[in-house]
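Next come two complexes built around chain A: one with chain B, the other with chain C.
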Partner chain A sequence: MSRSVIPPSEGGGFLPKYGAAVATPMVKRRQLNRNERWFFVPFAKALLYTFTRMFKRKITRQYPEQKLEAGASFHGLPVLVEKDDGSPRCVACGLCEFVCPPRAIDIVPGEIDNEIERAPKEFVIDMLRCIECSYCEEVCPEEAIVMSKDYELVGRKREDFVWDLPKLLRTQESLRDRLEFVRKTYRRWDENAEIAPPPSGVFRDPAWAGRERPNEGH
Partner chain B sequence: MGLEDKFPEILTSRLTDLVAWGRKNSLWPMPLGLSCCAIEMMATVGPKFDLSRFGAEVFRFSPRQADVMIVAGTLTWKMASVARRIYDQMPDPKWVIAMGVCASSGGLYRNYSVVPGVDRIMPVDVYTVGCPPRPDTLIRAVMELQSKIEEMGLDGRSPREPIVLQN
Partner chain C sequence: MNTVREEIITTHDLNDLHAEHLELSMGPQHPATHGVLQIKLRLDGERVIHADPIVGYLHRGKEKHAEHCTYQQFFPLTDRLDYLQPLANEVGFALTVETLAGIDVPLRAQAIRTLICELMRLSAHLIWVGIGGLDIGATSVYFYAFRERESLFDILDKLTGLRTNQEYIRLGGVGADLDAEVIRELRQWIADFPKRIDEFEMLLSGNRIFYERMKGIGRITAQQAIDLGVTGPCLRATGVGVDLRRARPYLLYSELDFEIPVGTEGDAYDRYLVRVEELRQSTRIAEQLLKDLPSGDFIAAELKDVLPPKGRVYTSMEEMIHQFKIVTEWCPPPGEVYQATEAANGELGYYLVSTGGRSAYKLKIRAPSFVNLQSLKPMIEGGYFSDVVASIASLHFIMGETDR
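For the complex of A and B:
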C-alpha cells in the first residue's frame, strides 16, 4: 500500500479499495491537551474575548441614525434626470425598456412641440422588479436615466413600488456626481477633453481612493 | 381623566398596546433562505448591522418557534408547497417579509419556474426592493413590520379599531 492510511482506531475507518478514487482524510484530529478536554478553560477564554470586545473599537453601524455614505458608483434605484425646465431628458426611445432584464420599465411615448419631438407620456418603473443592474443607464443615449442613491425602499403594498414620472424625476443638481461618473465610465460626449480613468479604476469611487477604510464603521 | 390622574405613580396601558409592544420587540424570524439574498440576511445578523438591536436576532430554523418568516431568495414552484407548509406550521400571529425582488415579485426571473412574488402563496406584510437588498434595507423592513404590528389588534392580524372616547 503506497499511500498512508489513518488506521480505524484514529478515525480513518476505510481502506483505499478503489485506488486513486478513494479520498483519504488529509487532516488528522489533533490530540487535545488536558485544559482543552476540561472545557471550562476554553469556555472562560471565549467569554473573556467577548467581554474585552466591549472596550474595543465599535464596528456596528447604528443603522437608522447612521446611514451609508454612498459614493458615485453606488447602484441605487434608477431615476430620471430632468432638464432645467423640469421636463424629462428622456426622448422615449425605448432602449432601456428593451434592455432591462426583468422588464421593469414601461414607457408610453408621446409627441411634443419642440425640435426634440418625442418625450415619454408615461414612464413607469416597477421597483419591485428592478434589480439595479444599471443596464438602462448604460444604454441610454441621453443620460436621462441614472442610478440614484436610494436603496432602502420598503412598503406594504405592491402598488407603492410602481413609480411614475412625478416620482422618478430628479434634478440634475441632486444627481451631479453620478452623471459625472457615468460620463467618465462610458466616455461619452467629450472623448478628448475627459481624463478617462484606467479600466481597472473605473468602478472605484474616486472619493475612496487612497483611504484605508472608506467609511468608518461599516 | 383616568386612572393616571388619581394614581400618578401607576403606568396604565391598553392590553393591546402592551401585547403589541412585546411582540414587536421580540420578533423571532424563520429564515427561509432560498438563494443569494440569504447571504445578506446573514450579514444583517452579523456584528456590523446587528439585527439584535431591534430584538429580532433569534433566528429559529424550526417554524414552530418563529413568528416572522423572512423569505430571502427565489421561490420556485417546486419549492412553493414546502414554503407554504412551513408558513402553515408557524404559530399565529405570524408575519412575512419578502426580502429582495425575487421574493417580492419574481424579480429577474420572468419564467415558468419561479413564483412571481411569494404573495401568490402566502400573505406578505412587507416588501423590499434590491437585488439583493442591503442589510440596511432588511433592517428597515423589520422596522416597518414593527410599526405594522403596533397598528394591529390583539390577534396580530386585523387592524386595530380606533377607540373614540366620549365625555
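For the complex of A and C:
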C-alpha cells in the first residue's frame, strides 16, 4: 500500500482536482471462498462467537437497581449553592440567564439589606428545557450555580419540573466534589490564580477593603 | 355474455395492465429510512422505476437560529446536526469562528480536538456497522457495535460530563483537560479495538447473505458522484481518493500518519469496506495522538476572546468585567469564512458571514448527508425494491443533519 500524497493547496485553490487527486490504497475486495459460499462455516463461526459471549463479562447495567455512579465531571441538573447561613450565593447578575442556550433560567432580582445588596427574589430553572451544558456554571462569577449529580427527573405534571429557589438550593457540603472540580477546571491558564472559593463579601479588591462604597451617597 | 374477467382482458390488453405502476410512499415513519425520510417510489412490479426522496420533516431552522444567538450558544445546536458525532460538528464550527476571529488554539487543545474528531468518526462508523448490518438482516452485530460504542461513551462521559451532545468545545480550546485516568482508559479502549473490528468483519464480510445483499447494489460511478457533490466514504468508495484531512489539512492532520482507503466499484459493499477500513485508520490516528499528547494549555490564553480564569474573576475587577463582556458582547470582526472539515459522512462545511455583531449575519451549513442523499435516486432507480433498504443503509445519511 502506498501513502497518499497531495500537493499542498495553493492560496486560491480550493480542492485538488478530483480524480487526479491522490494515489491511495484500495480496499481489499474479494470473492467469497468455497466455505463462505457454502454458508455453513461462517454461520457456525458467528454462532460460536455469539455463544461464547454468554460467558464473558456482562456489560449491561441493570439500571434501576444498579445506579450509575457519577464522577465529579458529570453534568447533572444544575442547582444553586447556598452560603453557610442558608441564603443563596447568587447575586442575581443574570449572566447565566443570558448565556443559557435553551433559555431555561428565569431570574427576578431583588434587593436585600446587607453589603451584597442583591439577591434573587425568584430563581427558576425549567428542567424540561435544561440541556445540562454547564455554560451557566462556567460563566457564573460567584460559583453560585453548579451541576449536581442528579440525573433522574420524575414528575406528574409540567409544573413539577419548574424548580424554584427552595428546590434548587443545596449545601456546599453536598456539592463538594463538583465545587472542587470546577475550581480545578476553570482555573485554566493562570498559574498564579487563587483557587479559593469566592469570598462572600462584596469588595474583593483589597484596595477597597474597609472604605466607603463608590456609589454611596448618589 | 362475457364475464367481468373477460371484459377486463378485452378492454385492457396485457401491455396496458403491465404499465400500471404502483405508487408507494416509503417513510417518513419507516424504520429503515434512518429517521424521517420519505421516499416516493413508483414501482413496476418489483422494479423501482422512479424514486423521489422528500426531506424536511425534521427541519428545525438551525441556520436561522444562528442569527439570533451568540456564537457560544450555537454550539449546542451544532451537536444536534449529526447526532452520531456531536463533537465533530462542534469542532467544525469552532474552527470556523476561530478562523474569522483569529484566535490561536494551543497545541494541546488541537491535539485533543483531533483525537475527539477521530473518536467521533469511530462512534459514527460503529453505528453504521450496527444499524447497517441490522437493515440488511444481521441482527447480532448490532449489539456488539453498540457495546463498543457504549464503552467509548462511558469514557467520554468522564471527560465531558455527558454521554451524547457533549457541549465540550469552546472557542479557543476545549472545556476541560484530558486527565491521566481518561487517557489511560482511552489507550486501553483503542488497544482493544482492532480485535473488535476483526470480529465485526468475521460476522459480516464473509457472510453470504450480507455479501450478496450488498454486492453490486446501489452502484454509482465516480463521475456521477462528483457531479452530485457526494463526499466522504461514499465518494471514496467510487475510487476518488479525496479526503479533506489530506486535501486541506486542519488541526494536526498534516502531521499524522494515516491512509485513505479507496474503493473500486462504488457499490454498497465498497462503502461498507471503506468504512471498516476507516475504523482501522482512525484507530491508528488515535493511537498516535495518545502516545504523546503535547503538553500545554487546553484553552487559549486570550483575555479578549476566552473567559478569564475563575481565580482572577473572583478577585479582580478587570477580569470580572471581561467575564461579563465576553459572555454578552463577544463579536468577531466583520468578514466571511468557509471552513470545511471531514466529518464521518463527508465534507461538513460552515459558511459564516459576520457583520461584526455578536451573532452571525448568516450561517450556511454544508451538511454532507444532505448532499449525499441526492445520490440515492440514481442508486435505487432501476433496481429491485428490496435493495432500496441496502442502498439507504450504505449511504448512511443522518436526518438531523439533512434537514437542519
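Everything that follows uses one rule, which is that the second predicted complex is superposed on the first by the 154 of 218 C-alpha atoms of A that agree within 3 Å, B and C clash if a C-alpha of one lies under 4 Å from a C-alpha of the other, contacts with A are read in each partner's own complex, and residues count from 1 in each chain.
In this section, a residue touches a chain if its C-beta (ideal position, glycine included) is under 8 Å from a C-beta of that chain, and two chains touch if they have at least 3 such contacts.
Here the structure is a predicted model, which is why all the values come from computation and not from measurement.
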{"item": "Of chain C and chain B, partner touching more chain A residues", "value": "C"}
{"item": "First, second, both or neither for A:Glu152, with chain B first and chain C second", "value": "first"}
{"item": "Partner chain(s) touched by A:Glu132 [first = chain B, second = chain C, both, neither]", "value": "both"}
{"item": "Partner chain(s) touched by A:Phe161 [first = chain B, second = chain C, both, neither]", "value": "first"}
{"item": "Chain B versus chain C as contact partner of A:Leu95, first or second or both or neither", "value": "second"}
{"item": "First, second, both or neither for A:Ile59, with chain B first and chain C second", "value": "both"}
{"item": "Which of chain B and chain C A:Pro42 touches, first, second, both or neither", "value": "second"}
{"item": "Intersection of the chain A residues that touch chain B with those that touch chain C", "value": "59, 101-102, 131-133"}
{"item": "Partner chain C, residues of chain A touching it in the complex", "value": "1, 3-4, 6, 9, 14-16, 18-19, 21-29, 32-33, 36-37, 39, 42-43, 45-46, 49-50, 59, 71, 73-75, 93, 95, 98-99, 101-102, 131-135, 138-139, 141, 143, 147, 182-183, 185-190, 192-199, 204-205"}
{"item": "Touching residues (chain side chain A, partner chain B) in the complex", "value": "59-64, 67-68, 77, 101-103, 126-133, 151-158, 161, 218"}
{"item": "Sites on chain B touched by chain A in the complex", "value": "47-50, 53, 101, 104-110, 117, 119, 125-131, 133-137, 139-141, 143-144, 148"}
{"item": "Complex contact set, residues of chain C against chain A", "value": "69-70, 72-77, 140, 147, 150-151, 157-162, 165, 167, 175-177, 199, 202-203, 206-209, 211, 222, 226, 236, 240-243, 246-248, 259-265, 269-270, 273-274, 276-277, 297-301, 307-317, 320, 323-324, 327-328"}
